[in-house]
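Chain naming follows the written order as A, B, C, D and E, and within any one chain the residues start at number 1.
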Amino acid sequence: MKMRKLIGAITVAGSVAMAVSAQAQDIKLGVVAGMSGPGTSYGIGIRQGAEMAVREINAAGGIKGRKISLVVVDDASNPAQSVTAMQRLVNDQVDLVVGGWGSSQVLANMEVAERAGLPYIVVGATNPKITTEKNKWTFRVIFTDSVQAEQIADAAVRRLGMKRIAVIHDANDYGVGNRDIFVASLKKIGLDPVAVVPYQSADKDFTAQLSRIREANPDGLAIFGTIPAAPAIMNQARDLGIKARFIGTGGLANENLMTLAPKASEGTVLTTYFHEDVDPQARAWADRYVKEFSGGSQPPRPVLAAWEYRAVKFIAVPCIESSGTDKEKLRQCIGRWKGTLFSVPGDAYFDKTGQLVQQSVLVEVGKGAFQAFKGK
Amino acid sequence: MTLLAASKVSLSFAGVRALVNIDLQIEEGELLGIIGPNGSGKSTLFNVLSGIYRVDQGTIVFRGERIERFGIAQIVRRGIARTFQNKRLFGTMSVLENVEVAAMKGVQGSALGDVFGLNSSLQARKKAGAIAERCLVLTGLADSTGLLARDLPYGAQNRLEIARALALEPTLLLLDEPAAGLNPSERAELQELIRRVHAEGLTIALVEHDVRMVTGLCARAIVLDHGEKIADGASAMVVRNPRVQAAYFGEVESEEEAHAA
Amino acid sequence: MAALHQRWWFWAATLAALLALPALAPQYVVHIANFILIYTLPVVGLGFLTGFTGRVSLAQGALFGVGAYTTALLTTKLGWAPVATLVPSVLMTIVLAVSLGGAAVRLAGLYFVMATIGIQQIVWLVLMNWIELTNGPQGVRSIPAVGLGEYSLETPQQFYFLALVAAGISYFLAKRVIGSRLGLFLRALSDDQLAASSVAVEVGRAKVTALALSAAWAGAGGFLYAHYVRFIHPDMFGLEPSVLFLVMSMFGGYRSIEGMIVATALLESATEYLRPFGEFRMIAYGMILLLGMMFFPMGILTLVRRRAGAPAAGKD
Amino acid sequence: MPPEKALSRPVLSTSDLNVHYGKVHAVQGVSLEVRAGEVVALLGANGAGKSSIIRSLVGLTPASGGRILLRDRRIDGLSSEVRSALGMAYVPEGRRVFGDLTVRDNLLMGAYLVKDRAKIEQQLEEVFGLFPGLRERHRQIAATLSGGEQQMLAIGRALVREPEVLILDEPSLGLAPVMIKVIYETLKRIRERGMTLLLAEQSAHIALKIADRAYVLETGRVTYESDAASLRSDPALRESYLGA
Amino acid sequence: MFDQLFIGGLATGCVYAVVGLGFTLVYRTLRMVNFAQGHVFMAGAFLGLVIAERVHLPALPLLFVVGAVAFALGMVLERLVFRRLYHNHEVFIVGSIGLGIVLMNGVRVFFPEPVPFPKVFGSEVVQIGAARFQEGYLWVVLSTLVLVVLLHAMFTYTRTGRALRAVAADAEIAATVGVDVKRAIALTFGLSFAVAAIAGVLIGPLYFVSFDMGDMVGLKAFSAAVFGGINSIPGTILGGLVIGVLENLAGGYISSAYKDLVAFVILLVMLIWRPTGLLGRETPVKV
């Protein structure tokens, strides 16, 4: 099976250039994300979300008779490569880009999109600096670190009643960004964290950091990081006898958390981008998605694909339908967009900076799955 | 006038005594032969004089200056050049470049000046080129300047080593077994070359296994055996010295015969 | 190849093709060309070490990063004009390289490689963790474009000419260095260190100079890179680019600057071609390195040379 | 072994042997033979080609032409370890003992191809008999031995497995006179046991003390060949070495 | 806190030491550095995972089987790949880096995400003094000890072990006493693969196994080997333990931000101060 994939990949490589010229009538949707490198699993989720949306639209006759063709470019989850990847999309004259995973990569490649005047909807990067008024071509549908970290800080104190909160965070932009907002939000509420320690993404052994945290004797431990470090931290914290409840933000919103830390992750409360129990629409989509993509190289994870799917299907496509492919008109249309999305409670809209304003979802890990948070 | 004077020079490696209390004078303008059986310390002595090894004890005075603690490059700059027994040429460089590297020693100007083409540097390089050219002519290599050193025939590699040493414009030239591996005709050529160089007024010390060559070229010779100097004097006389004969031919033969019987 | 070098029309045609490129090629190709041109700097710089002192460095990516960060921080935090930061960037890179590696470069070859791995990791970790200075993992963004008077080089096409001029200057300067007495000294000591010192070459100093030169070229490359990409991040300067630069400088056949440049172009284009392969892309890249070294240890260009009948230049 | 019969049969021989190092033609058409029980010396100055011949005999440097026979078997295409298995033992120039190994381990390495443990122990005893100094130091790391002791060890290592022919490259090089004497005394005793020896030496007088025959080499060619007794008393040899 | 940091560091240090042994074994035989070593460690962990999931082997047989398979793999790769890279050390470095990339990304095709390792060494938490840790840590330390003793015995008392040491000391001369040097080199690679793979299986149950787990460990183990003396087996073990403990202490008491710096600063300082490492013996600086 792997072999067939390889041959497929070679054929794709050879035919990309031709496909571009042969189907000039199509609307071209660019996707940039890491199909290799550390962010691969997220990149594949994003690609699947896009594929699913495009397939559905094309099956329903396309947009005013024009089909959508998908141009997926791999940025190897690497900021240097991601500049080239975006340049490639510009060169292929895509009409807009929906994608991007990893703040470092998006911060690097959005400069290319801005210079080229290409509408870019970011789905997988949370650094606040991505959406500013200066960056008029860049939009973002995912919450920023600030929204999530603020929300979880609030929930930790007001809803979970934590008094001694420790923080452990990845030393990358995601972790540092979350930490800054989280600590600031706690201060606003009148609480100081009892310990703040960083780690490196590639770390495997966290006993040094966790020993310091154990000395601080916290009742809540905020983990700002991603898989696999976060579940490793949870396991090791429990081994060390740390009893604190874990809290976190979107970095933990990955089903692999429960696979890797089946016991330790129980009771963790976090903010997330998507949860199937929020509304029936979300549940239906998730079931469809899982059905369609099971059997691939990784188990389907709705949470990774949801934003890409929603951004393409509910934001990008309606705008192209109403404004066509003129880039300036398209940009304005996206900026004006307002509507509802599954799994997002209430209305959502873009603010002046291009950031989608929305309510997030709080979930709790229970019985090996994400459950809608039912606390106070 | 004494150009170089070594006194009481000793050196040992891991307990093995390579040089034992060597006293040595090299007079200005002379061609000194240094002979001795294999492993007697001839090359070690050269390695000490050229700064590759540091002495354990003793002093070396060259033109009134103590040099026994100097590094290799420092000693070359003072005017002692050498060749190596097992040719150490710059194999991937051309014959001309091999000699030019050495000729650079005598010229002024900085490397950066070269890069930016400063006038003083260009002059300096021209001068170095001229020195190199002259040394190549002297050693009969003028026709092969463009060849890579490693592509030269063995005998010519030998002469190239000498040309390179000459381009340093030394006061004292140390030749370490230059005739090793040469056939008789090449050997004769080499002898002629050494004579010519010496005739230009250069002081030379020659380490050689071939005693005939030393007696033919050098007025004076010293003999080393097991790190000690066992004879010093007119070369024709030195080789008749019983200790030298013993060093080369073994001691009292009859005793050995008795053993064998 | 050797014959081609000596024909004026070869050079004229090459120059014409290079000048016409941005007008004829799509922007994406120009963009790749820009990266190639920028990368030739650290690669040629590394060539001073690998080809001419026999010392292999795996820290060139870090030095490239030092150049990039110096200009990025000076322009974004202190508001300097980009042009004014070229010299400080190069100097900073040299100072750092010599202070960290100056003692190590005197070591025998393999031990120097080991030291450069340490240097590479240390620089990367500092870029990542000294957040007050470098912004750490957030990277430095909004680096201004290089301006020439009123005109600022924003698009790939505009930047192309700057990169071309820079690569050209780097090429000719490198040729001059190699032809200079320093080049002569370096080649001599890479052939035989003892013989070099016995013809009055100050071996230690020559090696440190080679290190400083390779750092200078890396720093200048980093300067260009920062103002082209305009967002830099520590991960751009990890072990990965160091390996890439090393391979580019080795695939060219050790001592040929033209070879290094061609290898840079080939390898960078190959990485681009491999992009659609997704998860198989890195496997293919690894195979290129492995097979390249297994079958063309003296550089891929030796194959071309062998075909052309000219003797393969190498150091064996 | 009856000496008459042994002498008639060459153990080791070369014909038209050539060795090149790149462009350097180090050995030029050398033919020589070593008969059973005989001690043959290769004499010549530095660079005359002695070591090159020895190295190509033991398989460390490939011959570029000619053939090498061990008994009646052609061995010039074989690797060192196979030649060793066929009965060749080598004492390299500059000794080259395994520095990190103990004296005993060095000797055991010499007996690497011997499988019979009792036999190995017996051989070790014999070597220790020849070199009592080694027995005292058998647990010592070889690198810490003196030059002379290392030479004994190198010879011992070559002897442990009773080779058909023992090949020594400059065994006196770099040793103190006393030590050279000891080494040669031992070689003499080894010869008396009927061992076949080929020995390269620059110091002709030392080698000729025990040699039966000698080849004199110059620039890669054999220029003189004779039995040792006449070489010892031949003024031509003196002439060619001392010019006296 | 000290106990916790010390014991945690010791376990990590054991892993550095064992992976570092792989560097040392190859280095002292060939004077080459195999930069695929860290990825062999990773591949070993996955090998253990695949075997443990298919056949429920107890811990010791599992370690043995993985070691044996890795040993064979090392021999085969030596014959097919490494043998062509002995040209010079630059070629070997780049080639082995290439091989490492292939190994890492090859594994990723099958395991794109981190996977939990079956708890073959038990998952009880043990308390010693103020320190608490999984049983697995004890396994790491004990297995390292056993492995080192076994290797030592092999090199000291067996014919093959002696031959390997002889080849490391002087390959040419070893050939003239009858050692098949090519085979000895292949064996060396086999051993270096086996020890790294065993380390992978030991560490697997403590953390997760992921395709990139060998990257940093490889570099740290390399630093450890250089620090202790890259041609000395005891040196490498010592180097691994020292670096493992020091970096954990630095992470705990100073700042975890610069925890990783410890190994590399030690590496650099050691190379400049004493390139042969703490217990190494060869002089690398030529005239």
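By our rule, a contact is a pair of C-beta atoms (placed from the backbone, for glycine too) under 8 Å apart; a residue touches a chain by one contact, two chains touch by 3 or more.
All figures in this text were calculated on a predicted structure; none of them were measured in a lab.
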What are the chains that subunit B and subunit C both touch? none
Identity of the chain that, by mean CA position, is farthest from subunit B: A
What are the two chains with the most C-beta pairs touching? C-E
At what distance in angstrom does the C-alpha mean of subunit C lie from that of subunit A? 35
Taking each chain's centre as the mean of its CA atoms, subunit C sits from subunit E at a distance in Å of 32
Centre-to-centre distance between subunit D and subunit C (centres being mean Cα positions), rounded to whole Å: 53
Quick one: which residues in subunit C touch 2 or more of the other chains? 129, 194, 197, 279-280, 282
Quick one: which residues in subunit E touch 2 or more of the other chains? 105, 108-109, 112, 257, 260, 287
Considering subunit B alone, which of its residues make contact with at least two other chains? 52, 72
Mind giving me all the chain pairs that touch? A-C, A-E, B-C, B-D, C-E, D-E
Which residues, counting only subunit B, touch subunit D once they are in their complex? 14-17, 37-39, 85, 150-154, 177, 180-184, 209-212, 215, 226, 239-240, 245, 248-250, 253, 256, 259-260
Parts of subunit D lying in touch with subunit E, wherever the complex brings them together: 58-60, 79-81, 83-85, 88-90, 92, 96, 98-101, 105, 108-110, 112-113, 157-158
Touching subunit C in the complex: which residues of subunit E? 31-33, 81, 84-85, 87-95, 97-106, 108-109, 112, 219, 222-223, 226, 230, 257-258, 260-261, 263-265, 267-268, 271-272, 275, 284-287
In the complex with subunit A, residue positions of subunit C that touch it: 26-29, 31-32, 35, 128-129, 131, 136-139, 141, 154-156, 229-233, 235-236, 240-241, 272-282
For subunit D, which residues count as touching subunit B in their complex? 22-26, 45-48, 146-147, 170, 172-177, 188, 202-206, 208-210, 218-220, 232, 238, 241-244
